[in-house]
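In the part that follows, the structures are each spelled out as structure tokens.
What follows is a pair of complexes built around chain A, which joins chain B in one and chain C in the other.
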Partner chain A sequence: MGWTRKILRVDLSSGKITTEPLNMDWAMQYLGQRGLATKYFTEEVDANVDPLGPENKIIYATGPLTGTMASTGGRYSVITKGALTNAIACSNSGGYFGAEMKFAGWDMVIVEGRSEKPVYLSIIDDKVELLDASEIWGTSVWNTDAWIKTKHQDPQTRVATIGVAAENGVLYAAVVNDLHRAAGRSGVGTVMGSKNLKAIAIRGTGGVKVKDGRAFMKATTAAKKVLVDNAVTGEGLPMYGTQVLMNVINEAGALPTRNSRDVQFEGAHDISAEAMAAPRGSDGETNLQTNQACFGSTIACGRISKIDTKHFSVQNKPEYWHASGGLEYEAAWALGSNTGVDDLEALTYANFICNEQGLDPISFGATVSAAMELYEDGVISTENTGGIELKFGSAEALTKCVELTGLGEGFGKELGMGSARLTAKYGRPELSMTCKSQEFPAYDPRGIQGMGLTYATSNRGGCHLRSYTVSSEILGIPEKTDPLSTDGKPALVKAFQDATAAVDSAGLCVFTTFAWTLDDIAPQVDAGCEGDWTPEKLLETGERIWNMERMFNHRAGFTAEDDKLPERLMKDAAKTGPAKGLTAGVEKMLPEYYELRGWTPDGVPTNETLSRLAL
Partner chain B sequence: MLKALDIDPGKCTSCKQCEMACSYENEGEFNVSKSRIRVFDFHTEARFVPYTCTQCAEAWCQQACPVNAITTDHMGVKIVHSNICVGCKVCTIACPFGTINYNASTGKVIKCDLCGGEPACADACPTGAITFSDVEQAGYDKMKQWATATASPTDVSGPNTPVKQ
Partner chain C sequence: MIEMVGVTLKLYASLGGYLPSEASRNCLETSVRAGTTVEEFIDAFGVPREACHLVLLNGVFQPPSVRSKTVLKEGDAVAVWPPVAGG
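And now, the complex of A and B:
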């Protein structure tokens, strides 16, 4: 119940497809999705494996509440060793693909080996085949989606695919499902591409059952009421999307701008949610068309946008005149304030291309930003960039870069390495705003101190989705803490990390936690699934998952040295805003964090901690 | 009062809660492919449209059924009696809207029966895109909306008197 209790295993090297029962002992300890798939992954894959070698595996995993009526119960994750980070990777996506996998009867799909020729995996309930993908190899996400639906003569097929970026070895390539929802981070798409696996197409006609239907309907209905009554999930997110944050974070003085030289962006309002909803000067239309929910989401924060057809980026390109996935906050920041570009239409176009070619807009935007600084510092010139004048604030440079990176051409090849490798190549590694080689997102740790510790300790590298302390430090959820202070943040970060691991593993969206605590989530999991799922057990499960991920990274060679922020954040104080004069105090917080975690002063889980968590 | 599902596509977010509620009510599991109501995504046009049986007054499915397995209840709802249905699928051909469908696992047809007067889809819809309301007043809100558009504040001219003939 909840789980389908069936796993699909696909060996691309031999073409062999097998099924196996889900290990229910592990399900009781790791719940599902992120936790359970990472358990399978770390049991089966050597931590020192080459992420792009055939020995690496890639797992597409749902949670027990995926495909149920629990609000936001539609998510899946892609688990592998990250191409960008060499660390454990788990990228989570919404849309409709995850639920379809459950309806087809599978908790997860484990893909191993490497196919000699491009293939795609077709799953129609229990009919599973590897099919020739030579016609779609080298084509976009959007083309692949349409081609498969036409070939299968079934528009209800759901497709998760890589774009051209992954095929060309861009290290932060995404797996994109339902045209514009993405398992975006850490280069999980790059790993998929290295296996010559273009796409997974799924059609499911079965159902998902829950343990106690009456209790489940009661618990999910009560939890939905909590979401609708909450100002963030009931109003802010559906109305403005995650972009509701642009002006808020700018005012807090925590909006990384021009590669974190600044913490406030003078053009923030022009690229905000408010700007997306306002009629354009050019044609009187709005950029934002409507909102869209992922499967089962009663929040519906997704943005659907149209680009001004007269804008330079899409002139004479009618293929980009239709509505598609619009700007979310992280993308608007990475492509916008981080590059100094305040042209909303150009950002929307860059975002479309990221979806179409399968790029992570956070890492892409942050890499362009680092390259812009190299250019302005005279380290690289138009000779390196193929003639692009790579100045901060140039919408033309941004749109050219996204086209080239997606296609893996010209300077796009270098941008595809990510900022850590790019800046190292030109002898300026300090210009890379990364942790564990992954570009961190849209919150400056000088203005939101907890996010510094979040980035430094995130098991998948710089990331906001592992412990979103912005909730507490800026929005006051569940209670307000001072964003400028490091006091109490190690405990806050740990609590968020453990809870989030449990939310992810259930198959729910982390955005519910603006309103839900584990007290709201536990009754839903408990009514849906076998086992006795209390808030305490969920939190313990989260802590177990966190330590399991940490141990994989430890075996892969990561040490406390890798729990570091870029020097700029540690040494250059914020120039403006509430955090003026402050640097990121992560070094103050780390010892306390390690201690709270039950780790050695070097950041390694002690045997005592591991045995307490049955690891 | 005769009630019907009132669908406002402008309010739909394509979350599929209605499809899950329908399948749970009718099949006892979450299975959108067995839902009697379906949401269609017109992605490039940014439109999402829920669609289901409208309970035609003169229902073609009912008239086409050779074994009289479809009857009309006191609420005007067309109900398939699965003990009579022989699974011939003629109704699925007769229905101009495609809202009555064959279920291969039972060998019978399925269609919306308004859940006996408490439609689960309307109950589950988070945005009010699907409501259950008086069928004769279904256009009221839309009329009001358009009426608002025809009147401007400058039309308010003070007390009005009858026209002298």
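And now, the complex of A and C:
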């Protein structure tokens, strides 16, 4: 149990919709969500497929604990070959959409082919239809959500959709569900758009059965108490959200600033959690209105914000005067310190547009910052930007760029390529702060060395969520390590990578691991699902998933050459803060990491490793 | 004459309320007697020790065990947070 044991398969080319039983042998090996869907994907799709071709598939997958009473059990992932990266992509989201999929009776939805005309997939329990989406094609996430709920006459319908950005081929377009929760990274929304699939709308009226109800209730109740009693998950995250990190990382000298030219931002306080909670001088209101929880979450770290109605970005635009999804730390960094913009209201507006049009704010913000450096270096001018003075620190430039990129107009078309392609086009590829063509997020590896190895080896390209060693290196969870040292980091990164893959695959939020260990998670999985799930088995499952993803990328042509950081981080030392004088030491860590992984010195899993993991 | 050193205290998140009214942007520039330790400095503002989860001295982590031994120098900045996280 835990699993519904049913899969929905939708062929957009033929319009054929079929159901099939879940492969339970694979479920025992890959658990669910990220792991299990990637198993299906890698078995069915050639690694060399064109991400935007009809041969690519896209899978929307839940975990066995999605939709249960386990805290944070509302997660789902979108698995495909990434439009931005050409690598395996798995982008995870919260909200309520994932749980609704389980209530409708489905573990995952596999979408194949390409529809001739725009369609959306309607799932109401067992009633599944492809319906015409021509009326909502070309409209925003927010409009699509409202249109479908009105059409279905059911406000409880949960919608995951693309915005205009994906339709226009922005390579880092997101799939947005519940208005402002997003499977944001790697261009999974772009793949969805390439299939002419506008949205998936789900309404489920069933429940989720677990293996042993009594044991499950006991395990989940005990685990919830751990989260509530923990100062981070019980108080810190709900009260301040992820944005509290802005001042922490700035003080630690690891806040990428102005396209990683600097590691500290003089305006960090102005865009921090503290600033969001302080009354504005203009109207006395706070940017932060309240917090919000995803399905089943006892943490509730989400931010709901309101923009100052007198701010230049929203003057005469009442559609942005309501409360909506506010800044998380990664978005505030990408749109803020990384572009040198310290205008909190402008950042919030840019974040609203990212949600409305379906953009990944990390890749968008980092691409704008690369473009700003091109502009300041004189490589591009207002002739290229359509008149925008693209200077670091310009809130006006940032807000104009997000509008153009969301709609795919003017210079926004170039920004939609992502920083790797944009900087290559103008002959300055070294200005792209990416790994495997994906912009890395809000932690400078010169100041947090473990994150350098995290970015370089992430199977989905530059990403913090594959092994969040910040937890140990800065926050001291589960134990403090020195952020400026590379010693012990290969083992730390491997441990975080394997454990995170297991947490994702269960359908839980990785934020639980600020309080939970696998000793807290395993009893919940084991009470919910067949399979004798122990902490050791979860860790082995995570390692299996990591190697499976790595092998897909290997077949797609990625090599050890792709496990590297931008030259700037390797050669230009940090100028200020604790890391002053340091560069990223990833080259020193990689050989030990490969050895710990059981890979060859060239970064390829050995036959022995693959055999040990039954791959 | 008592020797003083100029230092900065930054209290974030829920600890911001422990700063006096002259503080700005969660930050107070002040001076302390030479020989004052990190722990004594924070104590002087009434911040409960159990609330001082993350203490950075010039950006570098100060484990609880050394806070009572580390003496502040001219220009030092101490930043303190309750238990927080993000990502």
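Quick notes on this one:
We adopt the following convention: the second predicted complex is superposed on the first by the 615 of 615 C-alpha atoms of A that agree within 3 Å, B and C clash if a C-alpha of one lies under 4 Å from a C-alpha of the other, contacts with A are read in each partner's own complex, and residues count from 1 in each chain.
Basically, contacts are C-beta pairs under 8 Å (C-beta built on N, C-alpha and C of every residue); 3 or more make two chains touch, one makes a residue touch a chain.
It should be emphasised that the depicted structure is a prediction, and the values quoted were computed from it without experimental measurement.
When both complexes are superposed on chain A, chain B and chain C sit side by side without a clash.
Looking at the shared chain after the overlay, A:408 reaches neither chain B nor chain C.
By the touch criterion stated above, A:208 is placed in contact with chain B alone, chain C being left untouched.
Working from the superposition on chain A, the chain A vertex angle toward chain B and chain C, CA centres, sits at 80° in steps of 10. Using the contact criterion defined above for the overlaid structures, shared-chain residue A:465 touches chain C, although it does not reach chain B. Once the two complexes are laid over each other on the shared chain, residue contacts for A:244 go to chain C alone; chain B is not touched.
By the touch criterion stated above, A:297 is placed in contact with chain B alone, chain C being left untouched. After overlaying the two complexes on the shared chain, residue contacts for A:236 are found with chain C alone; chain B is out of touch.
Of the two partner chains placed around the shared chain by superposition, chain C is the only one that A:269 touches, whereas chain B remains out of contact.
Note on the superposed arrangement: chain B and chain C approach each other to a least C-alpha distance of 18 Å. No residue of chain A touches both chain B in one complex and chain C in the other. Those residues of chain A lying in contact with chain C across their complex are 230-233, 235-237, 239-245, 247-248, 251-253, 269, 273-274, 328-330, 464-465, 468, 470-471, 474-477, 480, 483, 510-511, 514, 577-578. Chain B contributes residues 13-17, 20-21, 23-24, 27-34, 43-48, 124, 126-127 to its touches with chain A in the complex.
Taken together, the chain A residues at the contact with chain B in this complex read 67-69, 71, 74, 96, 99, 103, 156, 179, 204-210, 213, 217, 224, 228, 238, 289-298, 300, 304, 306, 322-324. Residues 10, 12-14, 16, 25-27, 53-54, 56, 58-61, 63, 77, 79, 81-87 of chain C are the ones touching chain A in the complex.
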